[in-house]
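Order as written gives the chain letters A, B, C and D; numbering starts at 1 within each chain.
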Amino acid sequence: MAEYLAKNLPDWGLFNWLPESVLHALAYFVVALIHCILLIQVVAVGALVFIWLERKVAGRIQDRLGPTRVGGKFGWLQTLADGLKLITKEDLMPGAADEMLFKLAPYISFCASFAAYIALPFSDGWVALELNAGVFFILAVMGLEVFGVILAGYSSASKWSLFGGMREAAQVVSYEVPMGLCVVVPVLICGSMDLVQIGRMQQGWFTNWLIFHDPFTFITFWVYFTCALASVNRAPFDLAEAESELVAGFHTEYSGLRWSFFFMAEYGSMFAVSGLAAILFFGGWNGPVPITSILHMTHDVHPILGYLANFLGMLNFVFKCCLWVTFMIWIRWTLPRLRIDQVMKTCLKYCTPIAAVMFAGAVLWTYWLPGGLPWQRPFGNRYSVSGTGAAPTPSKVPSASDLTLAAGEEGGA
Amino acid sequence: MEDLHTVLPFLLGLAWLLPLASFTLIVLFGPRMGAHGVAASYLATGAIGSGFLLSVVALLAWGLSSPDRNAAMSQPAALEGHGEHADASGLDQQGLDHHGGGHHAVTPPRAYSGEWYTLGRFGKLKITIGYYIDALTIGMFAMVTLIATCIHFYAIGYMHDELHDVTDHEVTLSDGQHLRRPGRFHRFFQYMSLFCFSMLGLVIAGNIAMVFVFWELVGICSYFLIGFYIERKSASNAANKAFIVNRVGDFGMIIGLMALFASLGTFAFGDGVDDKGKPTAGIFSQVRAPANHYALQAPASMVRAAAAARVRAIVADHFQEDAEELDEAHLAAPAKPARKRPDFDKIQAASESEIAAEIADWREQGYGYWLLVIAGVGIFCGCVGKSAQFPLHVWLPDAMEGPTPVSALVHSATMVAAGVYLVGRFYPVFAPEVLLVIAYTGAITLLLAATIALTATDIKRVLAYSTVSQLGYMMLALGVGGWAAGMFHLITHAFFKSLLFLCSGSVIHACHTNEMPKMGGLLKKMPITGYTMLVGCLAIMGAGVPFLIGLSGYYSKDSIIAQAISFQQRNPAHGTVFFYAAAGGAAMTAFYMFRLWYMTFLGPPRDHHIHEHAHESPTIMYAPLIVLAVFAAVIGWPVFGVTDLLEQARPAGETGQGVLLASLAYPNEHDSHAPNIHMQATLYAFSTALGGFLLATVFYGVRWLNPNDVRQQFGAVYRFLLNKWYFDELYDAVFVRPARGLAKVIASFDRLGIDRLIDNLARWTRGLAGIDDLIDRYLVDGAVNLTAGWTYSLGRSLRSVQTGKLRQYVMLIVIGTVALTILINFASAK
Amino acid sequence: MNWHSFFFLLFAAISCGFAVMVVLSSNIVRMAFYLIVSLGATAGLFFLAGADFVAAMQLMIYVGGTLVLLVFGVMLTAQSPFVSMKTSGGDWILAFLLSGSLLAFLIPAAFSVSDWREGATPAVGSVDAPPPRNTADRLGLGLLGVRVDKLEDRPAMLRAGMAGYLLPFEIVSVHLLVVLVGAAYLARTKRRAG
Amino acid sequence: MDLLSQSVGVSHFMVVGAIMFVSGVVCMATKRNALGVLMGIELVLNGANVNFVALSSEFLTKDTGGGIGLDGQLIALFVIVLAAAEAAVALAIVLNFYNNHATIDVDRADELKG
């Protein structure tokens, strides 16, 4: 797309007065801008929808109606109204606060959860930046989110906030371990960390989804989901904002827009981890039935068809994400909150060992059943490393093109 | 039953190894077997009992298998050629033979020999675990296992004191207390098992080396068992005595063994095949070659070994000839190069052929015969030691220190009989002269022991001496050519003598004393023991209705005396001695046995205290008595065919003429079955026995005469006999004292000479060490300390640099880096 | 105008600037924050250098793990006396002298090699991005002992036994485990009786 | 605009690395707070890492051999991992020190001075 613009901008003629290099730069800039806008509105709109959804679900679970008035029957404009209210609210700051950090903290966590979207493919190839270490990138930037919380906790010069921040820090750092282990399992099976490729490898019927690849991945998913809950500190792991003990945890002192940013960050990262789950375990944008490939909706038949297929894929993906987000909301209003030591125990005594065992199990499974189960397509890029320990034959020197080729072969069922 | 030669070794080998297994188990887990190791006895008894069953099966197998010719020479990998040859010789031998039933003498006995396992091969020497099974082996197996089983049962009852802690009243410690020690029940049975294993191994042994090994094993077992009450000085002394005396005999045996091996190059009895499948002749078939109609003659190798000087001479002049013709060749044609070195192959061939030609008339000149005699005498020495013959008989009476079951099994029935058995086994190898030696030894022993037994008062010693004299009987029988007679007596004697010992054991068990003068009138108290012992006495004295029927002793003793008579007819000079010895021995046997019985069971109780406490033994003890009594009574009856069984094992060939003593001629044993000889033998035996019996009755039974008067009258003789002919004193004076004196001298030399030297050496070494120590302390340590001191001062001076300020260290690091960079730059600039 | 250089300058400025600010600031918490930013920017530099796996690692382990730990520690010990501890001016001057001299040696050294001055990316006005390289796979293979970038460097004979970074990898993993255990031991709360 | 137009080379990265390194050194040398020293160490390590990565990159050198190849990145990985370990231990030590001495001033940790 960027190349396309860069090629065609000059021809449009209204920027001819600019030097070529500037034009190229401009092209890239425009493309980047487009991507950012798209993603931001995904996050923002997502936040709006999910907050509304949460309130409705909470209401139903507690046998209430939830918001009903604003914006028609279902109160679907409720969140928007709240947002307007928040914007107009006065923005308070404690006197003893560390001003810079206090102001910075919300944006840090928002940026972190937003940056996760950069590498998150919404459909085949519909990704802002296709990183070949995408999985790790997403984990990494979402790990950064905790800084916002911690700094907020510290800088607002309040014991409650500090405790909240500390808990968050401890919790997130310790939960990154099992989460990383869980994420490694699909990566191991696919032999790639490129989310786009992982998605492509699960093309075809839903039996190709990694969660159904073998028992270990199945269990791994649930461990991953638990850890994800903890790392986005949703209930029952929301120790950082335990309103029963610490008034509101790390954002006790926050109000107005900054406060809302924290929430956007939270819902954004919920969506992000769900998306990661969808891609790693649920075939990403591939529906349970390969409609697009059955109908031959591919680029080489007609570009429009290709875009249509991608659009369908995106719908798939978003649907899956929403499913898991809803699931999180449901859990939040169902389970009681854990104590901090229980949280730690869950991480260190249960999640980590189980994840480790699953990892070993998956290794053995792929070792003994390289082709997967009979009805599955073989996964992964296998390099022909000759037994003498010598390097692969130069033709198989892994390069991105090479890999995509391999994935494509396996993908074309 | 064609494959007897696979069945028998299996059965007997199993019977042989079972006791070993039980021994091992008891050694490992003995004390933990049941309460105080009581289960050990069941294990041992079970092992030997099943051994008995196995050997009975073997016996039946043997009996049922018709003695056909193919089995006759059935060495493993049946050497057809050899076998047929044997047949041929056997057949024409029959043609020549004119004694009735003489074909026993010429057909080689059925024997199955082979090897189980080869222990090692050192050049020509090949040590194997092999078997040589013939009728004799099987008979011995049955006898030994049966008696051993009975005695095991008996011992379970007899040794029950050992189940708990024992207070040994015969051992007084320094503090005047009696010794208290834990019971050794399981150990007793462990020794018994080991003994059974060794004894059976000795019987089944297939080569003389193996015989020797098990010979020593039974020796050590008897050592252990005699010294079972090791705390008693007398017991340990007796054990040592038995062991040492046996060594004397074994020394002779080793000589004989080596003589045989050195000249014949094999240990094996029977023929076999070597690794290349070539048939190898065993000792027997070498000494009595089938080609030679199984007549005794010195084998070629023996002759050659004896005539080494002649052989050397022959080879020498062959070399001479070779050298001469070499010179001639050189003179004849100096031009063409003659061969430099003598042609060894030619020489060897020539000399071999000449020697082969010579061998025959060397044998005529008597070469090698001496070797044969030496071998025979040497092996007989071993037998003398083991079965307590005349010069070495002293250990057996003392061996009675052991528990009575041991005396019954080891020192009457089996082990001491092993000597006789070996003589019987080696019978083919013995030259007439050797047999004469054996006969004389037997005769002397017979009389000697019998006379001593007349006066002994210790019930077990009486039996011991009677054992010795009975063994003398057997030796005598063998010596006068009565192979079957000797073996027969060996078997019968085993039964009734073990019976007698067990009875005496139960008496001792009841009275807690060995002294007959303290007993008497026990027949009421312990009838079963009494009557079974009566059976034993009758059996040993050879009671029976002449020409009709009798107890087992009747048959065996008759055949011995008959053989003596037939020997006397051939050569009166020696014969008379042997005949009178046999007859007198028979009389004395009857006398002392009944003296024993009367003094023990009849008459008024001499010691009332003992008489009160006397009681019949428990069932487990008197049941074996009954069994043995039955066997002792009937085993001799022809229907059981013990003699026929033995006849099947009779060595082939005549004993023949003496060579060194030309006058010495041995009759065929079957001559003694001639009616006239047999009749007078029976009469003699019966009358002598009867005489002895009546005399004993007169003295001790009805007590018309008082033995004390006789004692007064022949005081000197009595004392002489009472002190056992002063043999112990004699040996003490002749061997022990001088040995001790020599030891003293050597010890003093040791102390004065060698110890001094060593002390001085030590002193010098110590001085040297002192100097070293100085060097060490001042030179080495000094240097080390100096270094340490320097290091220390350096450290002190550097201490102040360690300020413990982290940031200062960082600065220093940076400074160092910068300085290094500068230096490197300048260095590279140049 | 060249985005590559532009982003390099951007990230370089951020990382260096914040590194310097770490030095200059005296408030320990701020220092931690500046450090985070600086290291994040370094990760960006790694992306630019084409080592995106390393970059992701930097973000995940370093920024996400190590620095969180650090901040954690800061907060545990962040009491008013320790939040800002002044250092004597003499130390400052000395340190700056030394480090200045060090810098004065390092910078010329950086430019001393001519090959290093110019990058491989074509200069002004190129639109084609550098060829996408899958560093993750190559690193993985490298850790397993297959050096896809130096296939032909070694003779085949040596290639056979080539274990690459497998052993160091294992050693490091064990070392990590030991460190975790040891840290847990050191930092455990001492339960004093009474 | 020269820097913008000219393509970036290893040297530029190295300058960044050098600056980070030196500031890390200064940090170590001047901070009295133990955690400050720790941060200095992190900075130093990162300076080194920058150099490694730069040298292992294909884009930054003219010779297409790509400098030291993957070794740089691998070593950088190891450095990162070990830095994590080092941070964990150092933090534990600091906390212990804080528990025992109620301070984290490195200048006070000189009980073992000569």
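In this text, contacts are C-beta pairs under 8 Å (C-beta built on N, C-alpha and C of every residue); 3 or more make two chains touch, one makes a residue touch a chain.
Everything numeric here is computed off the predicted structure, so don't read it as measured data.
Setting chain C aside while the other chains stay in place, the touching chains form these groups: A | B, D. Of all the chains, the one whose CA centre sits at the greatest distance from that of chain A is B. Contact count check for B-D and A-C (C-beta pairs in contact): higher for A-C.
Averaged Cα coordinates give chain A a centre that lies 31 Å from the centre of chain D. For this pair, chain A with chain B, the centres built from the Cα atoms lie 96 Å apart. Spacing of chain B relative to chain D, judged by their CA centroids, is 91 angstrom. Chain A and chain C have centres, each the mean of its CA atoms, that are 25 Å apart. Residue positions of chain B touching 2 or more other chains, listed in rising order: 807, 811, 814. In chain A, there is no position where the chain touches two or more neighbouring chains simultaneously. The set of chain D residues that touch two or more partner chains comprises 25, 29-32. A complete list of chain pairs in contact reads A-C, B-C, B-D, C-D.
Interface of chain D with chain C (complex): residues 1, 3-27, 29-33, 35-36, 38-40, 42-43, 46, 49-50, 53-54, 56-64, 66, 69-70, 73-74, 76-78, 80-89, 91-96, 98-99, 103-105.
Residue ranges on chain B touching chain C, taken from their complex, read 807, 811, 814-815, 817-818, 821-822, 825.
Interface of chain A with chain C (complex): residues 3, 6-7, 20-22, 24-25, 27-28, 98, 100-101, 104, 130-133, 136-137, 139-141, 143-144, 146-147, 150-151, 154-155, 162, 165-166, 169-170, 172-173, 176, 180, 191-194, 381, 383, 385, 388-392, 394, 397-401, 403.
Against chain A, in their complex, chain C makes its touches with residues 1-3, 6, 27, 29-30, 33, 36, 40, 52-53, 55-57, 59-60, 63-65, 67-69, 71-72, 75, 78, 124-125, 127-128, 131-138, 141, 144-148, 151, 156, 159-163. Every residue of chain C that touches chain B in the complex is listed here, in rising order: 91, 94-95, 98-99, 101-102, 105.
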